[in-house]
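Structures incoming, each one as structure tokens.
In what follows, subunit A forms one complex with subunit B and a second complex with subunit C.
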Partner chain A sequence: MTVESDARPETRPAPKTRGFAGTRLSSGQSWERWILPGVFVLTVAFFTIARPGAFLTVDNGRSLLQQNAPLLIVLGGLCVVLAMREFDLSFASIAGASGALTVQSLVLFNATVWSAVFYGVVLGPLLGALNGVLVGYLRVPSFIGTLATGSIIQGIMQAIAYQTVFEGIPNEYMDLTLARFLGVPINLIVIGLVLLVIGAVLRYSVFGRQAAAIGDNPDAARIAGVNVRRAKLIGFTISGACAGVAGVLLTSTAGQYYPDPGAALLLAAYAAAFLSLSLGRGWRFNVGGALLGAVFLACVTTGVTMLNYPSWLSQFLQGLVLLTAVYLLTRRQVAK
Partner chain B sequence: MSRTRKLRLVAVALVAPLLLTACTRAAEPTTPAAVDAPVAANKIKAPAKTLGIWQSQGDGEGQVETLAGIKAAADALGWKVVVTDSNGDQQAMQSTMQSLISQKVDAILTVFVASGLIAAQLGQAKAAGIPVLSVGYQGTPNENITAEYAPDQAEEAKLLLERMGQDLGEGAKIAPIAVQGYYGIDQVMAALDAQKAQYKFDVLQTANAPVADIFNGQTKAASSFLNANPDLDAFYAALDIGPQAIAPALKQTSREVPIYSFGAISSALESVRNGQAIVATSDGTVKAGFLAVDALLALWVNNTPIPTTIPAEHALTYQIVDKTNAPAKGASVYPLADISKPFFDSWTTKYGAA
Partner chain C sequence: MSGPWFEASGLHKQFGSMVAISEADLTLRAGEVRGVVGPNGAGKSTLMQLVAGSLTPEHGEMRIDGAPVAFRRPADAIAAGIALVPQEMRLAPNLSVADNVVLGNEPRRYGWVSARRSRQLAERALDRLGARLDPDAAVTSLSPVDRRLVMVARALARDARLVILDEPTAALAPQEAGAILDAVRAIAGTGVTFLYVSHRFDDIEQVADAVTGVRDARVVADLPKDKINRATLVSLVSPVDELSHAVPPRPAAAAVAGSTVLAVDDLTGGPLQGVSFRVASGEIVGIAGLSGSGADEVMAMVAGIDPRTGGVVSVREKILPSGDRVRAVRAGVAYVPGNRTLAVLPNHDVRSNVSISNLPAYGKWGVPAPQRETATVLELTAAVQLEGALSRPISSLSGGNQQKAVFARWMARDCAALLLHDPTAGVDVRARAEIHQRVRELAATGMAVLVVTTDLPELIELCDRVLVLDRGALVASLPGDGLTESAVLAAMVSAPLDAAPLPAPLEVAPSSAPLGSAPLNDQNGRRS
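Entry: the complex of A and B
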């Protein structure tokens, strides 16, 4: 799925081809756009040849997606926020709080699995909406605003779950991430559908066009009649909702609550989201590219482990890929 | 209604459920996996003191057990305890240590200390005459740490490797999973490296989970190992949360590969009881707090110097726990009551009741 966040027609003149950075393969596309998919294919090919019968298998693919399911779902929400050129630094804390609330509801309040999941998931959009109010209505800069709310949420999460080991989680909760339909984990199907919807909304809906317009120039968007505040509220609420689902997935996969379960999502999600830029038409965050970026980064980690290479190599390679992608895109922008 | 008022109402509506949840939690009884209670003790005659507790990451299960031991011992003596928790934040590790020194506590007990991160503060504590005792977990050696009372992880590793040798036989393919940067973990990895030839183990490259993704990182590494090695014989998990982190990978891949790990924390015992994990453990995680308090009490009452290591008469015990000797659900391998009683009896005899 490669769905871009900008449905707005390109009004700028086409970039002139000039040397390396502006080389065009076809109308509206430069060769840099194919860097990420190209490197992804090469990487998969390398690991497949190096570990035949182990890397490119259904089981490994399923494991890889299962382990990264929480990351994939938060990417959907993050792309909405980033499309508006805003930051959300609180979604990892929201995921942790949702996971904590869900497990706490199950163990301490003896809630049924579905009602506990409901509480956890609903907490996400509520906290996301709080971010939306702060950024959209109170005009708090999103970078510092969500950093602050993330810290507050983390504090509350610790108040809920601090120094607590949750045992006695029913098997039905853990089965949420194990149940399959035609061999495909149901949670992956649901995540795929959610991301498809978010991607389509960003690309084809009025909201998606508004988000792109806000991302380009919020003042111009406001003058053009876009309700910027409402759009930001919706964007952060979607981001929070995705984080809420991620929190449930994290704790269901683990079969328990552990301290700060969402902590690792933050940097990984931003790395994947920025990799998506190489699939967009010039600095456009898009769901498809972000998914490809996330899977690519996960492939590197998995491949390095499978090849019996030291762990530091995967982080080194991931950083190198991200840096290269952003550097080439910067060159492209400068050329334009 | 004005816009400002509307916004206030929205904010209150959003925050209220969270506060309600938090407050409800506070009113709840201790969670099912909480540490068991110490034996009831009469107050023991002791000078009034304040202990500062420095924790690098207080919400780990093992750390909770260690803290429970410290609190039980201090409570019996009527000592005040100031507990800090850095939540894994390196900046906070320094500031919490600094705050304990500023408060002029009488002694500082560190739980799971990475000495290098707080080297300057350890120096300040020594200069201020505040003894610092590392308890529960082996920390990176530092000359400004007065004493360390913690299980010897190399000893645990030796025990576990012996068991692996018996269970797995020669040529067994082992997948090690660890986290870098902790002295105790380095000890168990070094033990594996040193003894793998003795048991003729085929040890794969160690997968180090990122500290920021310590749980899922282990799960992901385990999945990769399982998918890449259909003939994998065992996991060697250096962290006490290893069994619980690897279990989801086994479930997802429908494989049955035994996990050899360290520390009989409550959630790991779940895996031990169902035969998935075998752990090497020691009574030192809980006993360390009593040993530290015992040493401080002797210092402050009798002016006895603090022993830098665990005295022979209090030597720690080590054992392997598997499904045949695992305690029932809710019970500990080393109940706090069993550990606390000899200390309370000894203190009452030596120092008298308050």
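Entry: the complex of A and C
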């Protein structure tokens, strides 16, 4: 289900993901769907008026996206898992582990920047596949299962990074995320590619269609001959791969390794994903909507900071928005 | 026996436009055991749930000792002395027998549950049942019959005046059922009234003082003790009267007896105890059986949905692995579940619902080509005569049309065997005839068709051969030609019915059954 994002492009700070031209009609008459987009527009309008010439600018939009690059990437992977109505609570730890491995390779093993990045990025899907085997083939409930694997991964990560001083991270590594390609920051290119590919896979590929079917009715999908176990393995692997990329971006942007760099991603990603869910009908995740949700939440944070409001307010507002979204979603589902 | 203490009159309940029970009267005396019989979906369960407060009637009234009562929830009925013992096991398996007996009704002492008084209460209730059970034993250690007794004890521990037993012996072997029947008779002797819902005529004959017959959402018979015999009971259950359900003649067995497509040998698992049969190409074979007979399990195991514990299932001489749906589909086993919540993707459109089982075939590189997909789906929906836009959400379609879409799904593949589970459950008469036509056409293309249904006329209309299952064993194989409902029924209730002369129509008027009330199967989760 595509969010009708192209219906109101004027207020959005820059996201480039169009609503995919879809055939699935949104025949739902419920006006409640438009509460959150309305609130979004009002929020942006409010900050724009409060800080004219500072909030709604290209620069601000770009920095907003760049700051949230790791979040936007794990969000793509999360959408795949959520589409199947499974949960992945380990991606933040996977991102941390990938970041740790990359930095370790650079500092301790003097690996070249590219090979270090390669290790970090490959670790992600490997750990994700582990989740996939647990959930798909061994039927461990994903919520608690990935909570456990996340904890294990984090333990190992801390063991690796314990009391190691990460000095001497080569500048090239930090330059990765500062570099531009054809004038566009590499961060944004990675985001665009990852989200576009995942969005297309979810919407058009056999895997994506089957994932949506599993999310809609897992029993019916299985009876119809969908290989549910394999789809879950693929889904968790994709989520892990995104986390791996995010881990590299995180440490590169920070220019250093610090414990549990992915910690902030977990809640924000779920918040954004469920915001997107409240826009659609039923359990249909799509990347465009999730991107919109993430941008919404980021706007709240940035706006609150710009206006020098106390920082607790942004936390408070984000929670409030999420709660409203989930409540509206539940209400619609009950009404059905 | 004293005068009636419980009276219900004119009870009416409908779900949407579907009338579940209408104008039902029920009168009960102290110490009476009243059998309740009727076909699946006739309204028995609804009537019982009205009496037990699980449902509230649209109109009609109930009186206890002459005073009108209205139950809004089960707790109200329990307070009035009415307890329902459901067909499914509702016990906390890891708690002790005593804890289960007092569950929801725990004796308190200073606000804390008193273990000592719980035990006393449980022991007293079990004593009344004549059940020698250790109150401290865990429920998991009990046999099925003892578990059933614990459920009845729970009702007794609440000092119920009326206990409703819904199919208490459905999952039990006949010798085990005896323990339940003895207990019912013993407790009835102390003045407790029973409503005894059962398909097992043996039980009813042994235990009932009177019988209420329910059919087509109405109470159609009220038999005194001396009228209770096999013949009257069979005629009560015989599902549909000819008026609402003309059975079209079955086309002459179309050149059957092709090669064997589906072979099942010595299938075990769940209640099944070594079931073997063959279905040939082009043949339509039905399986009949009461709930708990194992017919459902045969379907689930052959389709690869549930694992089997033993035996061999092979399709076109290829052995299917146990519990592997993906491989079963690859081998060509199509499955149309009767329970539509297992069939459709409710938030998807018609197109996706039809194409889901065959997506990889529509394109390259794992991306189905939209034009090809749409063209194929159009062809298939036309073949099953399903009209309307493909982009409609499937949940906006009627039950019959949803079923057609699920049929179309399997026609896209080159299937060897088609398994149908209650293919026309909750479907109106016209759609039913169309679906039967499709099934025959599919069989004519060389598919092996296996039908499990609780709808007897359907078996007779469709099948070239009917297998009868009872308590996990194959007890009869009846040829389709000249098959009658009473013959199938006789085999289903299993006690050897020596060439049962079909009873003359009941004296009770069939009360002009509403035409629209096609057979309803309450097996599909409509027990609410």
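The rule is simple: the second predicted complex is superposed on the first by the 304 of 336 C-alpha atoms of A that agree within 3 Å, B and C clash if a C-alpha of one lies under 4 Å from a C-alpha of the other, contacts with A are read in each partner's own complex, and residues count from 1 in each chain.
Convention: a contact is a pair of C-beta atoms (placed from the backbone, for glycine too) under 8 Å apart; a residue touches a chain by one contact, two chains touch by 3 or more.
It should be emphasised that the depicted structure is a prediction, and the values quoted were computed from it without experimental measurement.
Asks: When the two structures are overlaid on chain A, which partner does A:N227 contact: first (subunit B), second (subunit C), both, or neither?
Replies: second
Asks: In the overlay, answer first, second, both or neither for which of subunit B and subunit C A:A213 touches.
Replies: In the superposition, A:A213 touches subunit C alone.
Asks: In this superposed model, does subunit C or subunit B come into contact with more residues of subunit A?
Replies: Of subunit B and subunit C, the partner in contact with more residues of subunit A is B.
Asks: If we overlay the two complexes on their shared chain A, which of subunit B and subunit C does A:V248 touch? Say first, second, both or neither.
Replies: neither
Asks: Should A:L277 be classified as contacting the first partner (subunit B), the second (subunit C), both, or neither?
Replies: In the superposition, A:L277 touches no partner, neither subunit B nor subunit C.
Asks: Check the residue A:L89 against both partner chains and state whether it touches subunit B (first), subunit C (second), both, or neither.
Replies: The answer is neither, since A:L89 touches no partner chain.
Asks: Which partner does A:V107 contact after superposing on A: first (subunit B), second (subunit C), both, neither?
Replies: first
Asks: Tell me the contact category for A:V133 with respect to subunit B and subunit C: first, second, both or neither.
Replies: After superposing on A, A:V133 lies in contact with subunit B but is clear of subunit C.
Asks: State whether A:Y204 touches subunit B only (first), subunit C only (second), both chains, or neither.
Replies: second
Asks: Which of the residues in subunit A end up touching subunit C in this complex?
Replies: Result: residues 23-25, 27, 204-207, 209-210, 212-213, 216-217, 219-227, 281-284 of subunit A touch subunit C.
Asks: Applying the document's contact rule, which stretches of subunit A touch subunit B when the two form their complex?
Replies: That would be residues 51, 54-55, 57, 59-60, 62-64, 66-68, 97, 101, 104, 107-108, 123, 126-127, 129-130, 133, 137-138, 156, 158-168, 174, 178, 250, 253-256, 258-261, 263-264, 267, 298, 301-302, 305-306, 308-312, 315 of subunit A.
Asks: Show which residues of subunit C lie in contact with subunit A when the two form their complex.
Replies: These residues of subunit C touch subunit A: 303, 305, 325-326, 329-330, 335, 337, 341-349, 352, 356-357, 359-360, 363, 366-368, 391, 393, 409.
Asks: Would you pull the subunit B residues touching subunit A in the complex into a rising list?
Replies: Interface residues on subunit B, with respect to subunit A: 7, 10-11, 14-15, 17-18, 21-22, 25-26, 28, 31-34, 57-61, 64, 87-88, 204-210, 212-213, 215-217, 219-221, 223-229, 241, 244-245, 247-249, 251-253, 265-267, 270, 329.
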